[in-house]
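Take a look at these structures.
Next come two complexes, and both contain chain A; in the first it sits with chain B, in the second with chain C.
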Partner chain A sequence: MPKLSRRQVMASSAAFSFLSTLPHIALAGGHGDTLRVAIAGETGDLDLLQNVSTLSSYTVVFDGLIHYGPGGVLEPGLATAWTIAEDGKSIAFDLREGVTFSDGAPFDAETAKWNLERWMGVGDFSWIGIADAYESIETSGPNQITVRLSRPVPAALLELTIVRPVRFLSPNAVDADGKQASPVGTGPWIVESYSSSETVLTRNDNYWGERPSFSRIELKVVPDELARANALRAGELDVIGGDWVAPLSPRRAKALEGEGMTIVAEPGTATTILGYSPKSPMMQNRGVREAVFLGIDRAAIAQVLFEGFADPSVDIFPTTVPTAGVRHAVPARDVAAAQAALSAAGWSGGGSGWTKGGDALEIDFLVSEESFPGSRRIAEMIQAMLTEVGFKVDISSVDNATMHERRPNFEYDLTFFATYGAPYDPHGSLGASFVSTVDTGPDGKIYISDELDPVVLAALEASGDAQEAAMQGVYDWLYDAVAACPLLVTQRIWAVHPRVQGFSLPATDYDIPYKGLTLG
Partner chain B sequence: MRRMFLRRAGLALLLMLAATALTFALVTAAPGNVAALIAERAAGPGADGEMIARIADELGLNDPLPVRYVRWLGDTFTGDFGVSLRTGKPISEEFAERIPVTATLLAGGGMLALFYSLGLGLWGATSNGRFADRILHGIALIGASTPNFFVAALLVIVFAVGLGWIPSFGLYGWTSWILPCVTIALFPGSVLARVVRVNLQEAMARPFATTGFAKGMNRGEVLVREALPNIAIPYITTFGAQFTLMIIGAIVVERLFGLNGIGAFFIEAIRFRDFVGMQAVLTLFVVFFVSVNLFVDLVAMLVDPRLRRARRA
Partner chain C sequence: MRFARLPWLVLTPALIFVFVGVFAPLLMTHDPAVQDYTAILQGPSTAHWLGTDYLGRDLWSRIVGGARTSLVAMAFVLVAALVIGVVIGSVAGYVGGLVETVLISLIDIALALPSLVIALALMGVFSGENFDWLSDYWKMVLALTLAWWANYARMSRAVVVAELQQPYIEAARVMGASHLWIFTRHILPHVLGLVVVYASADAGALVLAIATLSFLGLGVAPPTPEWGQMLVDGMSYIEEYPNLVIIPGLALTAVVVSFNLLGEAFALQKVPRALRGRLLGRKRAERKAEDQARVSVEGQA
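And then the complex of A and B:
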């Protein structure tokens, strides 16, 4: 029998004692009543007028007049009812009574007016139609306001559901210069603290709506996707996912599903679109656009690169967005039809590739993995498909900044775009990406032309029953002209730890899910 | 000695100036438009060409590069690193929050690398050429060839996901430092272990080692008392080089373990084209590199009188 020295016995005891404390240390600080959600970046100070803080955290702290419900249904928020005047130039809101901000300040017509005047009529927010057309606000009693506009804004109600700056801040939460000093809203959660590592929210027990079943949310900053997945596996996080919260790749979701985590995936609200440069001589040729449109196997991309967590589409908006229009059938990939389109456009194939008037069928495909994660692999798959058709596809892989310089200058033949998604669409993407006269800075345009401008502007200005037909007019115009090449709608993917029950996705990707959840 | 220190410090200062000028030029030449980013932050989708041009003018972005560098240098000397384009917070506040995290990681990693390398190197030298020596050689080789992101994933899967002993991310007590420090220490520790092992082998063939054996010392005693002090200079200089390189490892390790240090801030600054943040962190890196090397030079001179005499000559 081996002999142990006194020193060895002491060392072994010390090591055993140390190791036995580790599990308790790791799991210290119990989490029974706390939902732990991963966020990819710190929330910031949630200033409603600055474009800095993470979009996903506003909606749990601040309320708007109107909430964006599933499928784009407008639900009462701090306004219980609203009436648009017949001429469309004023909107009257009945405000919810008895609501207080989490610091105790009452929410009434005066505070609502003060809040709206912080951004309506202010130049920095002229991209919001209702802010641009703003004339005045009148209060009628403690719980009614009327917003008067210089012209009708058909998307006004939808605009009041966006993340910022439309939500309401306590008038006590600003400094002497009127700048937001702390994030105090009327929402279901109160910001207890925030740092670069985490933001802690506590339940607002005076919330006017349904009270959450647990009292605390910890938003943990975990920038790395693998680290988030491992933390979920280890039980250190309860929920990960959401494009604007903490993105989860399809491949990782599949892996987590096989390890006992619940994967919740629902159709997304944003479409991935291949844009043809309207300034490219090559892409001005309709036959070339058709050949690209028909030469891509959308179903294969959805299945292979997205593990089935994407839905092929040839429409600009998915049905999860209001007035998305009539669906068009997604064509099966047809190389012969694509080549026929090229032939009809005067291109001829040969041993050294397709040519027309001495020009080779060669396109520049601008890709930025940084600005659109996963795009490089999609581009390579499309490159292979189009090569079979007869194209020579050169992929220009650039960083985000170069993408933001080249895209607005149309320095490409093909590149990726994505629509904004709910609650910004359809008006947001149509106005920004398809109208030539709107300056959208680095985002660029999916497609613009002098013929398209009046069609889109008419749709953006249409209201009531005319709106749906006008929107359909835009979709039909784009489809008939093969002006853009929609590819697919990626699904919204979340992974949930088994201790969380009743998980369902909120209406938009900008919301953190907490409603209806119970914690085990 | 004092004159030598002052001369070395002066050279270090010149080196810092040259390095910051170079990084300033490189960051400025990188694609992207600072004014566009600031405009986008202020007005979101409302940022237009006119607003971008106004901001560029206000910030003096149209001035010649040397003018901008001198202005930036003046601000930096007064502790004003500017405001982060990504977070909207002053960089000095970001540094105050994040430097302690990175400093703790580097200190922990440095200590581990020190003990690991000396332990492994000495053990290898005491079991010279035997099976244990070969195994330790293999361990050091694997440690020096395994990328830290792989090591991090492996450690997390075993100790956080599998055993549940240690948190996989963030800072929740001292146990949170174990995996990041081990990850960041493995590569430099393994390189240093080889330095110790190889230099000890050479030292053991020198006459003073033979004299030690002649005096009746055993192999262990000769290693520790005679050979080890003689490898101090190569060890200290290599340790200094490896320690400065650990800051590169910190960039990856902090992100993988959700630690909000300087490395994580730097990665996000690059991703979001936060030029102000990038330049501030690069300046910090320059100061760190130059200071550590200066410190190592001074320690080496203090330890070895021959170096002092050589410098004087």
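And then the complex of A and C:
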């Protein structure tokens, strides 16, 4: 019987290892007409009325009447023109002619009316202003509809750009009970198949808009961020990134940039905000809020933890959001000023601790890594900075369920919030996070007060020329009262394989990028 | 290397862990909580023996501080779980009847789920505002204690039931010994003898459980250094700075493996000599003397 030497065994193992990589090389080279995009979770069945499927996948299959363009510019979608009545109680839409769903069904006024009536006036969707104020829809021709409302909804057009449920489904794609049976839209892509590991989309050759240059998209489910980065390196994926698609951390983006991948980063649309509990006696002290506001080095957080892929901010919304208001300069961290604020508020002490009326300056910082990945590290930095001011900061690290229980009840002194970002803001975050009467469930509120409510409600109801001034009124109120502590705006980061050309960021992080791309 | 020496070898990491934990304040070269943004992610140097982490904190001091964090928590949990387990198990075994049935059911329920799952559930309960008076550290200790006692209770009850059937217990009763006397003088030493040995093997599992809770963001709160927390925080940097993960990972692995092998060594009676105590040494010497005497008698015969 022939004997194998140790050297032969090792050589065979090495050869086998090398050969095992060949299929990957072959696979990497065999996707010329297919764009492979990472998604962090499976797409699901893309039911437009169920809050189950991942938001990012709807946008390639379904169109809305209006699309959200770069900088919040509203672009025609299935509606080519729209007119808001002077009293703001009706909106007339001219629908795009000659559009068909991917199953061949025509898109016309009747189809549009049937689609809109599936969610307008329905209690589950009352969080959308236009759905809550809905009265009726009239068709005035094969391609004209008018939506009548019980009250003006200034954000109505912006609301029509959101992802779900406002998009349009083929009337043939529902079962006898009216439940969505398959995802059939008018969008540029058609769902060929979906599973827990990938969703395959094929080009809709009858699409009314610009035709993609490639015929297929594979949305690969890769939950782990490092695995996504490695797959991009190996040529098994073409595009990764997007907060709502497959998040890419700043650290990983830096690493990929040094390895020949293209990194595309632009200012984001969501602000990370430190919220002061309006029910905490400690945080009701304005001096304490000012001390926190001044004691944090936002630039250091942006540089150390976000590698520069974040922009320090003290404003509620970034300029990438419409009517974001006047900019305030980001103050440099000032420990002395923070301590002076505490002294002025009646606290006595110094860097080693403060007391007032026998109470120590000790705050509970509620953090959930599960709810907000990376928040514990930001909290650690803030803890160290505030400790230098003289605060005693206790970080309570909790799970998602506890966070969702404690945050709406304001059972904290400090905690993290983030604004919704495009296409929901500014109306979405203002209504949900600063109005005491709106139920936002587990998300909680950034700040509420009886004085603030009418100011925000007035801004939400303002339209036309008055809107900008009303919005500014809210921002000024929040800034003057030091009611919230904006920290930074994280940038939108995507990494692209060199074989993909012409990549530009989609309008929102709910969109999957495909427009203008060519594949090498 | 002789196999007989293995127990001492495997004990080394555990002993180092205990030593480092006890003398941590003397061994730390920096304050493990102090951040220095001008020195982030540095490699090993004379100033920072193991380098620095993503916030510029000294890695060596954090590893040493992490050992102390785990050691103290582990010691508290082991002692508390052992006391609770021995008391409940002994009462169940000694009293018997309905009390035993109730306590056995309680033990069975506690054993039906993995300890870590129970600890996670308890951490969820303790994270409500009603428990704000407890720091995260003590919440973790309490959760682990309540998750860990059942095994000791089961073992204690088994030993008590077995010992109660021994003739010498009956003899003690006949001689008028009180229950307290019988339990403390005759039964408790047997119970502790077994349970303490198992507890030593459990130490590794506990260190791992503490790290797991912190890894999941539910254990020790910052800025207290903890190995599980260091591991999860280092994961984002694993590609460029793998030492942020490897160093706490190795420390954790060495300690857990060491305690586990110690437990196995106890179970297989490959106990290092010094650990056997004078009593065993004396008995061995007596047996040797007897053997020699026997050989000499047989030789004379």
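The rule is simple: the second predicted complex is superposed on the first by the 490 of 520 C-alpha atoms of A that agree within 3 Å, B and C clash if a C-alpha of one lies under 4 Å from a C-alpha of the other, contacts with A are read in each partner's own complex, and residues count from 1 in each chain.
To be clear about the criterion, a residue touches a chain if its C-beta (ideal position, glycine included) is under 8 Å from a C-beta of that chain, and two chains touch if they have at least 3 such contacts.
Note that the structure is predicted; figures quoted are calculated from it, not measured.
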Room on chain A for both chain B and chain C (clash or fit): fit
Query: When the two structures are overlaid on chain A, which partner does A:Ala458 contact: first (chain B), second (chain C), both, or neither?
result: neither
- request: Look at the residues of chain A and decide whether chain B or chain C touches more of them.
  value: B
- prompt: Once the shared chain is lined up, is A:Leu226 touching chain B (first), chain C (second), both, or neither of them?
  reply: both
- prompt: Between chain B (first) and chain C (second), which does A:Ala340 come into contact with in this model arrangement: first, second, both, or neither?
  reply: neither
First (chain B), second (chain C), both or neither touched by A:Thr402: both
- prompt: Touching A:Asp394, do we find chain B (first), chain C (second), both, or neither?
  reply: second
Message: Applying the document's definition of touch, where does A:Ser126 land relative to chain B and chain C: first, second, both, or neither?
response: first
- prompt: After lining up the shared chain so the two structures overlap, which partner does A:Ala181 touch, if you call chain B first and chain C second: first, second, both or neither?
  reply: neither
Message: Contact-wise, after the overlay, does A:Asp364 reach chain B, chain C, both or neither (first, second, both, neither)?
response: second
Statement: After superposing the two complexes, the shortest C-alpha distance between chain B and chain C, in Å, is 5
Message: So chain A touches chain B in one structure and chain C in the other; where do those two contact lists coincide?
response: 226, 370, 398-399, 401-402, 405
Partner chain A, residues of chain B touching it in the complex: 30-33, 36, 39-49, 52, 86-88, 94, 97-98, 153, 156-157, 160-161, 163-175, 255-258, 260, 264-265, 267-268, 271, 273
- prompt: Okay, in this complex, where on chain C does chain A touch?
  reply: 33-35, 37, 40, 54-55, 123-124, 127-129, 132, 135-136, 216-219, 221-223, 232-233, 236-240
- line: The answer for chain A against chain C in the complex is residues 226, 249, 251-252, 255, 300, 303-305, 364, 367-370, 374, 376-377, 379-381, 383-384, 394-399, 401-402, 405-406, 409, 411
- request: Would you mind writing out the residues of chain A in touch with chain B in their complex?
  value: 19, 22-23, 25-29, 41-42, 44-45, 47, 50-52, 123-127, 195-198, 220-224, 226-227, 230-231, 233-236, 370, 398-402, 404-405, 432, 439-443
